[in-house]
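First chain A sits with chain B, and in the next complex the same chain sits with chain C.
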Partner chain A sequence: MNKSPAKKWLIQGLFFLVLVAVFAFAGHNVSMQLKVRGISSGFDFLQNQAGFGIAFHLIPYSETSSLGRVFLVGAVNTLFVSIISIVFASVIGLIIALFRMSPLPVLRAIGATYVETLRNIPLLLQFFVWYFAVLRQLPMPLESWRIGKSIYLNIRGLYLPFPEDAAAVWMVIAALIVGLTLGHVARALARGQRVRSGRTPLWNWVPFTLPLLFPVLALLYLRSRVTFTVPYLEGFNYSGGAQIIPELIAAIAALSLYTASFIAEIIRGAVGAVSKHQTEAALALGLKPRQVLVQIIFPQAMGHILPPLTSQYLNLIKNSSLAAAIAFPELVLLFAGTSLNVSGQAVEIMMMTLGFYLVVSLCLSALINLYQARVLRYERR
Partner chain B sequence: MSVVNAKIGAKQSLLQKSINAVLLLILAGLLFPVFKWAIIDAQWAGTDRCTGDGACWVFIKLRLMTFMFGFYETEELWRPSLVLALWAIAIATLFRSTYSRGLKILPAVIVLLPLLSWGLLDGRWFGLPHVETTRWGGLLLSLMITLMGLSLAFPLGLLLALGRMSDLPLIKAGSVAFVELWRGVPLIAVLFMSSVMLPLVLPPGTELDKLIRVLVGVALFTSAYLAEVIRAGLRGVPSGQAEAAAALGLMGWQRLFLVVLPQALRSVIPSLVNSFISLFKDTSLVMIVGMFDLLGTVQQANTDPYWLGYSTEGYLFAGLVYWAMCFTLSRFSMKLEQAR
Partner chain C sequence: MKTLGLSLCALATVCVATSVRADTLADVKQRGYLKCGVSQGLPGFSTADKEGHWFGIDVDLCRAIAAAVLGDQSKVKYTPLSAKERFTALQSGEIDVLSRNTSYTLQRDASMGIDFAGVIYYDGQGFMLHKKLGVTSAAQLINASICINLGTTTELNVADFFRSQKIKYKLVTFEKNDEVVAAYDAGRCDVISSDQSGLYADRTKLKHPEDHVVLPEKISKEPLGPAVRHGDNRWGDIVRWTLFTMLEGEELEVGMNTMEAAEKSEKPAVRRIMGAEGELGKNLGLAPDFAKKILSQVGNYGEVFERNLGQSSPLKIDRGLNNLWSKGGLHYAMPFR
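And now, the complex of A and B:
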């Protein structure tokens, strides 16, 4: 079945020559075209002043910032909207999956309608519906809806109280991370002791309190520094606090609800793939239904869930670029759109934009593969 | 836990039945206003803006032709209709003929039909009045981009799939890099790139139609996804098939084209239908680079200052068209899957 070595080398040599020829042709044309248009190649343009404003940025930015800064703002915004949407999409997807597996026909019908409707309509249309049809119905600032004590929703967006001292907030978050890590370690210790002695240790509940205990202690310690600025009506608009622009709300709503329909199907398929004898055996052993779900069904379903779930997360990150169509300042709009128009450096800008998505995709796949290797350790082979 | 009960097929309790009934009532109460707005109070007749509280379907009725065909000359509408009919006949023939005959027709369909459609719609090749690609639009444009894009992408995807399975390291690496590159980036960025970069990589002075640029971008992007679909099919063919063919004295290309590939392609037909669905949904992105596909024409109609305030009807219509096509096709794909 094997080709002779000479033939192999001949084919590959030809392939290589064709590749080189194509790239040389394209490269030559690009340099000619750039000469005609008077554009110099290279990445020096990243130092140029941007000269345009950005409606939403998480890192400091002004019109005098550089185009390199614009790239960072776009990248951070893309990651921000993606991460929030991933969290929402996973939660909503799980809920819809539970609906679809419910013994109540009404809930099953709602779940099925949700999935079949949302995944068969283009995502861009859903962005438009949220942005141009739903959020435009919101009241003007003077008639804002108030949620709780000081959260306001109007046509200009959602206004939230915001911590004044960023350092204090970071310390609380750091405390949460420390608590989570220690809790994780302690849980592993408790588990080890349970496996060794065959008895659940008395302090089994302690690890679960750590992620809560540390931030609470940090809050108590920093209580004088954790203060919030509250939005208040000033003239015809709200000032103070944090404003979440409608473009961001629409993007998160569209992305998470759309992706949730795919995630729901993944979860349902995976739970369906776990043999029902597993459930019967677990019930026969006297496990409670909740234990059966959490300890028997979900761990086995996890192996079927993770690979397709990862590709859904990757799709979501890529799909976040659709927010460009409703003018949410994410990477494609800011960099491949506005910055390209300002500087004309098409080749460099497209390479950087595509490179960003490629790097993010590769990193996320690598992370999930690591996690999966850990999860699958427990799976029976 | 309900999921657990459902899994072992437990009967519904009386409590569950009553919760079900209550939920049904609440749902009906929530859906009734929607029904009232869309059907009972809706205005269907007329040629001007509506006055009532209900949905204004007049808006859709007046622009139906634009949503279907874009700004194509009205006297020439037989041409796009003929093109769509030709595609429908070709696809129906493909699915109705026996598999081995379908495999013989397929190359003709994906080479000739795109050219014929382009010739008919553009007109110049057949001595018909010229209609610029900027006037093609609506559902016609969405379908044309999907069908032509898939036709262009299929041969490339097939080559990439074979390249990725190849035992020649350079060809394998090239295919893997190409496929992973396109699968790792969003289609919008690809469309931006094809509309900005494609003119740059061609010799100065070459003018490329915007639709062609979009088609190239769509085809490159889709070929990577098709390559993975076809590769899954190739991997599913037992290696004994190729070995048996080799034992019978078939040459390398005969083994591939007469034994392995026919079996591989047959098993991926449902996935190919799914690729069609996702590409059809994705064609809505071309409006971002300034083309007027179905969603593009609807969005344009929604921003018409005289008809402001009917965007809900517009989106509902577009959504219904997309949904009907995608849902039907996905059911069809499921049926194909089960028939195997």
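And now, the complex of A and C:
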């Protein structure tokens, strides 16, 4: 029953056409129905003035900004909380995994308790627990705790001095990125020299200091050139400086601690999948247990870790929409919530929101796939 | 499998998009019950008890419509809706009428495919705060943290008010009202802002209700009313005149408690509303005694207000703007002729 290539193409082409027709019909139908029922449609509403305030935004925003701007504010906030949580979740997950694989029963018990508790409680509940737990601990604004000269902590958030010109912050971030890149290159060079000469070069430690060195240099450079705004009490609350709202802290805590429990299990499973003989052989060669883990086991486990880890990262990004329940102004709250209510254009707004999560998820998984292809290449070598 | 799923999805989209018809009255009669969209729990307006019975002034309007259309006030299926779900639920035909403390505004009436059928409660947005702050006017709320509920005109009113007064403020927006109250009680905010009726209801949920005060100031007009789908004028007429019937009932002193006297009354206006004279019901496509069914099964506006919001309720809200026009309020039923 071999089909000729032409026939195969014909069938696939026909199917594709039918698919396009069905979607075109559905889209046409939706827009017709919206028109018939007098519901406005189209994307013109993105230019309309938002008219409402947002408590936490990383890009400039005011009530007179457009609804399109609200989408950007929400998207940036979602990415911000997701990226920070991904970093914390990975670090905590690794630590818990090491606990679970530890020879010490006490550490193993701690690790097991952590995993079994946090991954078995609904995430939304954890958001509320963290939020109200955070709130309960903090004092009212007038009784704020002062840390150092001008850092204040109260129930309304953490207030920090902040450069008047946000460009300074970007400089430090840029310095960090430069440091990381150069560090990476330097490490490759050190490795090359080691392979060639069979001896660890004396400057082997240098690459690891670069990611720290550059931001420190940037800070030293900026110290005398940047003026800071300092928080001060105005009316009911503090003004000036930067405010980190308790909703953000609770959201990061809930997202990273919850996801860490899954990541810990992924790492433990992947390490367990590496053959025991590898460890025995490495020990027999005289490597120390730490070296065995870092240089023999982890590189081999990476191939097993990355695919499920990607899923966890994607889950985390999508789960960040639950932070809407505790008033963290992310995309779902700002755009699929308030903006939807202000404009009433549910179809367009939902499509844009879905599109955002889809694009972010696809980009992240593509990036990790690229990285994985590289890791596997090393493994084969 | 993937293609099957896609085709099913597309098919479902097409079916949903075409299934909404524009004759709600016939649909409701054929179905035998009314589908009414209410809030997820706002004391006095719509709340459910442990057995799942619904109470409140918005719920009573649903019951009145069921009494008028189906002759039985109990034939209602309630759908609790969040603020952001409510219009979509109405547009898509999931509910027949939205009776969910919803403010009547131009944009909603004109661009969302819905029509408002009147005003059941004249409200205004206000502020609630702790007595010990000693604040007497909203203009004193400098740089205050304000907890509000998402998806209402509240956010826009707060922004307008503080911008026009040139006062700084910080918004904390929650998806559900219960979290607004919990966060305020925990001290996250200095103030809650919402419709004043809602603030009185929220106050009953606080740990120490007596320590909190609702400022008398109103920063907006919030006429709360029922809404129907745009384009079904017959159904809109029925909802509008159900509401007017309750108001007219109060004006003529015809209600649950005065049914016997009304049956014997010789007054032409009372005889018309009882269905003994004229063809008022027929014009609407309803039974001649539709108004009598509303007033005998649910009661007139005064009775409904008293038991849900007034002095015989925990909220103890004054009639104020919600009195009849003849008693200094804004409620005015068009003539029953």
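Going forward, the second predicted complex is superposed on the first by the 310 of 381 C-alpha atoms of A that agree within 3 Å, B and C clash if a C-alpha of one lies under 4 Å from a C-alpha of the other, contacts with A are read in each partner's own complex, and residues count from 1 in each chain.
By definition in this document, a residue touches a chain if its C-beta (ideal position, glycine included) is under 8 Å from a C-beta of that chain, and two chains touch if they have at least 3 such contacts.
The model shown is predicted, which means the values in this text are computed figures rather than measured ones.
K.L.:
After the superposition on A, what does A:Gln12 contact: first (chain B), second (chain C), both or neither?
P.N.:
After superposition on chain A, A:Gln12 lies in contact with chain B alone.
K.L.:
Under the stated touch criterion, which partner chain does A:Pro122 make contact with: chain B (first), chain C (second), both, or neither?
P.N.:
In the superposition, A:Pro122 contacts chain B only.
K.L.:
Considering only the touch criterion stated at the top, classify A:Val30 as touching first (chain B), second (chain C), both, or neither.
P.N.:
both
K.L.:
Which of the two partners, first being chain B and second being chain C, lies in contact with A:Arg199: first, second, both, or neither?
P.N.:
neither
K.L.:
In the overlay, answer first, second, both or neither for which of chain B and chain C A:Lys149 touches.
P.N.:
Neither partner.
K.L.:
I'd like to know which partner A:Ala324 touches here: chain B for first, chain C for second, both or neither.
P.N.:
both
K.L.:
Check whether A:Thr279 is in contact with chain B, with chain C, with both or with neither, and answer first, second, both or neither.
P.N.:
first
K.L.:
Once chain A of both complexes is superposed, is A:Pro289 in touch with chain B (first), chain C (second), both, or neither?
P.N.:
First partner only.
K.L.:
Of the two partner chains, chain B (first) and chain C (second), which one does A:Arg374 touch, if any: first, second, both, or neither?
P.N.:
neither
K.L.:
For chain A, give the residues common to its interface with chain B and its interface with chain C.
P.N.:
Common interface on chain A, chain B vs chain C: 15, 19, 25-26, 29-30, 33-34, 36, 128, 132, 136, 324-325, 336-337, 340, 346.
K.L.:
Could you list, by residue number, the parts of chain A that touch chain C in their complex?
P.N.:
Checking each residue of chain A against chain C gives 15, 19, 22-23, 25-26, 29-30, 33-34, 36-40, 51-55, 63, 128, 131-132, 135-136, 140, 155-156, 234-237, 239, 245-247, 324-327, 329, 333, 336-338, 340-342, 344, 346.
K.L.:
Considering the complex alone, what residue numbers of chain A touch chain B?
P.N.:
The contact residues of chain A facing chain B are 1-3, 8, 11-12, 15-16, 19, 25-26, 29-30, 32-34, 36, 98, 101-107, 110, 116-117, 120-125, 128-129, 132-133, 136, 271, 276, 279-280, 283, 289-290, 292-293, 297, 314, 318-322, 324-325, 332, 336-337, 340, 346-347, 350, 353-354, 357-358, 361-362.
K.L.:
List the residues on chain C that touch chain A in their complex, please.
P.N.:
Interface residues on the chain C side: 3, 6-7, 10, 13-14, 17-18, 20, 83-84, 87-88, 91, 107-108, 110-113, 141-145, 147, 150-152, 155-156, 158-160, 162-163, 168-176, 179, 182-183, 186-188, 190, 229-231.
K.L.:
Which residues, counting only chain B, touch chain A once they are in their complex?
P.N.:
Touch residues, chain B against chain A: 1-8, 10, 12, 16, 19-20, 23-24, 27, 167-171, 174, 180-181, 183-189, 192-193, 196-197, 199-204, 242-243, 246, 252, 277, 281-282, 284-285, 287-288, 295, 299, 302, 311-312, 315, 318-319, 322-323, 326-327, 330.
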